[in-house]
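Next, two complexes with chain A in common: one pairs it with chain B, the other with chain C.
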Partner chain A sequence: MSAIIENVDKIFNVSLIYATFRSATPIIFAALCAALTQQANILNIGTEGIMLVGSFTAVGVSYLTGNWVIGVLAAMISGAFIASIMAVGHIKYNAEICAIGMGINMLALAVTKLLLNVIFKTNGTFSDPKIVPIPKVHFAFMDDIPVLNQLLNNWSITEWLAIVLILVLQFLFYKTVWGLRLRAVGQFAMAAQTAGIKVTQIKYQAMIASGLMGGLAGAHLSLGYSTQFVENMTNNRGFMGVAAMYFGGANPILTALGCLLFGFADSVGARLQAYGIPSQFVLMMPYIVTIVILAISMYVKYRNNKRKESSLLAPKAQLKTQG
Partner chain B sequence: MNIKASGLKRILFTVVIALVIGAVLILMIGENPIEAYQALFKGAFKGKFGFGNTVATFTPLLLTSIAFAVAAQAGAFNVGVEGEVFLGGIAAAYIGVNFTFLPKPILLITCFLGAMVVAGAWATIPAVLKAYYGVSEVCTTILMNTVAVYITSYLVSGPMSAGTANAQSHSVAVNLPQFMKPSSANVGVFIAIVIVVLVAIMLYKTKFGYKIRVVGTNPAFADCIGINSKKVFINSMILSGAIGGIAGCIEVLGVHGYFLNNFAVGLGSNGMLAALIARSNVVLTPFLAFFLSILKAGAMGMQQSTGVPKALVDTIIAIFIIVATMETLFEFKKKIKRKVKKEKGEAKA
Partner chain C sequence: MKKILSVLLVAVMCFSLVACGGSDSDSGASGGSSDEKGKDKIRVCIVYTGNLGDKSYNDSCNEGAQRAVEELGVEVKSLEGATAEEWESNLVSACEEGYDLIIGASSNIADYITEHGPNYPETKFAVIDTTVDLDNVQSISFAQNQGSFLAGAAAAMFTTKTDIEGVNKEKIIGWVGGMDIPVLHDFYTGYEQGAKYIDPDIKILQAFAGTWTDPLKGKELTLAQYEQGADIVMNVASGTGPGILEAAKEAGKYAIGVDLNQDNDQPGSILTSMVKRVDNACYLVIESVVNDTFAGGTTQYLSLEEGGVSLTDFAVIKESLGDKFPQDIVDKCDELAEKIIAGEIVVENYEGFGPEAQ
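What follows is the complex of A and B.
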């Protein structure tokens, strides 16, 4: 413990800010993927699977074509394809969303493993110098400015893109007609239909958009965050994204803040490991933080809702919270 | 057609579809699907080792699938069975290593009880969060699985470590006898079957089982007729956790004889798949668990004798689930019939 207190300035310093953001970005993309469908009241449990397929496609295509842009685009298309399987199953054939989502996750894990065996003839990890990563943005003028250089220089393109996408989605959800329709479908599908909104169509659109975003999340993970594909490399990041989405109530900016909290726990944990904290505690920290944050945010929501309900409606309020 | 027969028919349909898609995939790899499937079933049934392996795979799958199904009957989507298996296993290992002063039969029972209590307590956390604050149990249980894996991993590489190269605990003082050696099939399979029968009776013949089913179908209605839906929900999750704990206990006492780091990866999720395909029908779930264990146990044989990788079987199982979850997929026939009838009716008129 004393070692930690002595070295507190080494653990909490300027580079921690970028470290936090860096480990948060894959989760931010995943959370945006989940938020897109959540606005239409579809819980996208398959985020993890979409992301994993995206990672694999990005690495595979980048390796084969030697072009990261095509890799990222292919990842997005593959993500949309996986999401559309889920969309057809859920919307057309009435599949329970959690069940088919878990099925998609299993499928993604199995298919990527299978293709890794069949196409690249390896097990576990695929890394090769021919995989072209997403380039980093280098500002030459920042090289001499100490703090800014550490903070903003050499971000990968997708890391900047994450910030842009948060703002774009915020605008899309709350300032455009499509966003209004999407939220109407999510809040009360029947009323939306009565108002002339094509509910099924909007739901499909949300799922496909979510798939594109999930594919991008995977591409960032395998080409931006690292330059390889590892079996199950998403490692629950998709689920953490879903948790963050809950934390932010599917609002992109609040959701991203939730992701930063996980990123913070992750990167502080990685630093604490150097001072004799067992690695398992460090590794489980983001998960525990997620659960605690989730519990607290839902508790606050529950209390606020209860306060809003008039005392006359109390029995009804009880029923609502169980649904 | 009654519900059970149609359910069975639907499952058979999905089995066929999944196997056909699997065959197409095998063809794409450039292997012979019939040979591959033959090798698969040979691997699962041939000799003491093959069939023993299937039985050994079946034991935990049966328990975890039932654990998931029980929670699902009350409306919970308990992905956390995997974590419960791990914690049940570590509790059994701790008791089996340290409580050697107890006579063996009592020690055995204590191991099981300890596993059930620890795993049940673990399942209480997401249950309470869901019942009272509406926190999605899917999310919390998935995250808690990882936490459970890390907790046990810390314990067997730190405080409970046997000091060997592999992270594992000391050997437990009491074992479930194995039969059909050299496979690791053990008498745990009979314990599992008894538990499944008890659960089925409990669900369909007792008051508590009735309450679970009512809460699962319509919690608001349950509250109106005086069932405390939250309490029933939590209890069913605890029961689900306890069954998961038993699975972990059997794995530790019967298969390994000690707690091996990461020993149960995939046990919980595979059980969940079996239950999902059967829509958590407690009677059908065991059969699907058996079918999945044939596929799983035979996969190794298939990989060894043909060039088809083991991952293909997982792909088939995943497709199986996705097809099985689509509730209205097989209603197209009825629709066509209805259309034909309509047209005929119009023609007559």
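What follows is the complex of A and C.
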């Protein structure tokens, strides 16, 4: 314990801020992917699988074409393709979304493993100097400013993009007609339909947009965060994204805050381990945070519902006492 | 239409379920099943913890197995698995298949062999990297503490070479492991002792990723150690390791490879690798079955002296650093290795390891 107090300046220094954001970014993308469909009341459990397919496609295409932009675009298209399979199954054929989602996750794991073997003739890991990563943004003027240099320099392009996308989605959901329709579909589909909104069309659009986002999440994982593809490299980041989405109630900014909390738990954990905190405990932290976050958000939701209910019930209750 | 689609969906699901549940790959089929001896070809099954393609421990073991396929004409089946449930079910299914020899590739399998081995007294088992005390199990373990001692000494000397780009003033070195299992503590014990042998005041940062298959986690842990002042980090993490080595390259710092010669995985960022000859262990045990000299219930201990562990020749980093390459590290490591072999330096073991451990 004393070792931690001694080294507190090493654990909580400026680099922790970027480390938090760096480890949160893949989860932010995943959470935005889940938020897009959640607004239309579709729980995208397949986020994990969409991401994994995206990671594989990004690395594969970047390797074959030598161009990261094409790699990222291909990843997004592959994500949209997977999402549209889910969309057809769920919207057209009324299949249970969780079942399809889990199926997609397992399928993604198996398909990427198979293709890795067939196309690249390797197992487990695929890394090669010919894979072109997403470049990092370097501001030359920051080189001499120590704090800014540590904080903002050499971010990957997709890390900046994550911030932009959070704001874009926030605007899209709450300030545009499409967003209003999307939320209307999510909250009460029948009412939306009565109002003349094409419910099915909106749902398809949400699923495909979510697929594009999930593909991007995967591309960031394999070309931005690292430069390799590894079997099951998402390692539950998709599920953590879904949890964060719940925490934020599918509101992009709140959702991103939830992700940052995960990132923070992860980064602080990584530093604490060095000073004799048992690794088992530290590795548990992100999951404990997940449970705590979900519990709090569920409680807040419960309280709000209770309050709404009681305000509706109040007049009736009065009537009763009078009667 | 609806029916066809639902049938198709079910088929896809089944396929993916099957594909998920412990994948296997056949090798050695190239030798042709119709060999001259008839059908008494020796069949070996290797149960891995993690996947092949880790460019580390598992791949090293597979190299030995492939050599046995070529030179001894055995048939080898590899079962990979990322989670503990898969390991156990892979082992049990291998037992049921009636192989001549089942190799548990890492110490994670040891508990399952202890549990299921007695039920298959006719089957020969081998376990690498730890000891299982059963009559039908041959154990092979390594003096990873000795190899790590040299790696720790090299890291401790390297962190003082501030004229090399990326090396800071602070005397801090790092160590990132995969799962928190006893073998890795044997690694760490040696690493720590080696580093402190060079400089008693050195600080060592230690972290476990808790998985053999998440390089991104490895990368994050390694970057965290660099940000806390470490300039060289040792990788002991199988499939999590590529992330550690990538972090070294990206941060402009240094790493030490493990198991296989990883010096060329991120050339110029890897000082050396602590090579553990898992391939030899795997080959030797298969050979013993072929020659009918299999000795169940015994433990083989491969140390520095037998070439079971060693450092690489530093050639790759030497080329990239040019004039700045600190030759004294190599000389000192050679000297230390001789002293260990001669018994002048006794490298400590983690509890339950060492030549006498049973």
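We take it that the second predicted complex is superposed on the first by the 310 of 323 C-alpha atoms of A that agree within 3 Å, B and C clash if a C-alpha of one lies under 4 Å from a C-alpha of the other, contacts with A are read in each partner's own complex, and residues count from 1 in each chain.
Basically, a contact is a pair of C-beta atoms (placed from the backbone, for glycine too) under 8 Å apart; a residue touches a chain by one contact, two chains touch by 3 or more.
No experiment lies behind these values; they were computed from the predicted model shown.
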With everything superposed onto chain A, say whether chain B and chain C fit together or clash. clash
Return first, second, both or neither, reflecting whether A:Y287 touches chain B, chain C, both chains, or no partner chain. first
Which of chain B and chain C A:I253 touches, first, second, both or neither: neither
Just chain B (first), just chain C (second), both, or neither: which does A:A110 touch? both
By the touch definition at the top of the document, which applies to A:I45: first (chain B), second (chain C), both, or neither? first
Quick one: is A:Q228 in contact with chain B, with chain C, with both, or with neither? Answer first, second, both or neither. second
Touching A:L167, do we find chain B (first), chain C (second), both, or neither? neither
Figure out whether A:I145 sits in contact with chain B (first) or chain C (second), or with both, or with neither. neither
A:G89 contacts which: chain B (first), chain C (second), both, neither? both
Check whether A:V137 is in contact with chain B, with chain C, with both or with neither, and answer first, second, both or neither. neither
What is the shared patch of chain A, the residues that chain B and chain C both contact? 89, 93, 95, 100, 103, 106-107, 109-111, 113-114, 117, 280, 283
In the complex, chain A residues that touch chain C: 7, 10-11, 13, 15-16, 19, 22-23, 26, 89, 93, 95, 100, 103, 106-107, 109-111, 113-114, 117, 122-127, 221, 225-228, 230-233, 235, 266-267, 270-271, 273-274, 279-280, 283
Which part of chain B faces chain A closely enough to touch in the complex? 25, 29, 77, 79, 129, 131-136, 138-140, 142-144, 146-147, 150-151, 153-154, 157-158, 219-220, 223, 229-230, 269, 272-273, 276, 309, 311-312, 314-315, 317-319, 321-322, 325-329
State the interface residues of chain C toward chain A in the complex, per the touch definition above. 2, 5-6, 9, 12-13, 15-17, 19-20, 23, 25, 50-55, 58, 80, 82, 174, 180, 205-211, 213-217, 219-221, 223-225, 227-229, 239, 242-243, 246
Considering the complex alone, what residue numbers of chain A touch chain B? 43, 45, 85, 89, 92-96, 98-100, 102-104, 106-107, 109-111, 113-114, 116-118, 236, 239-240, 242-243, 246, 278, 280-281, 283-284, 287-288, 290-291, 294-295, 298-299, 301-302, 318-319, 321-323
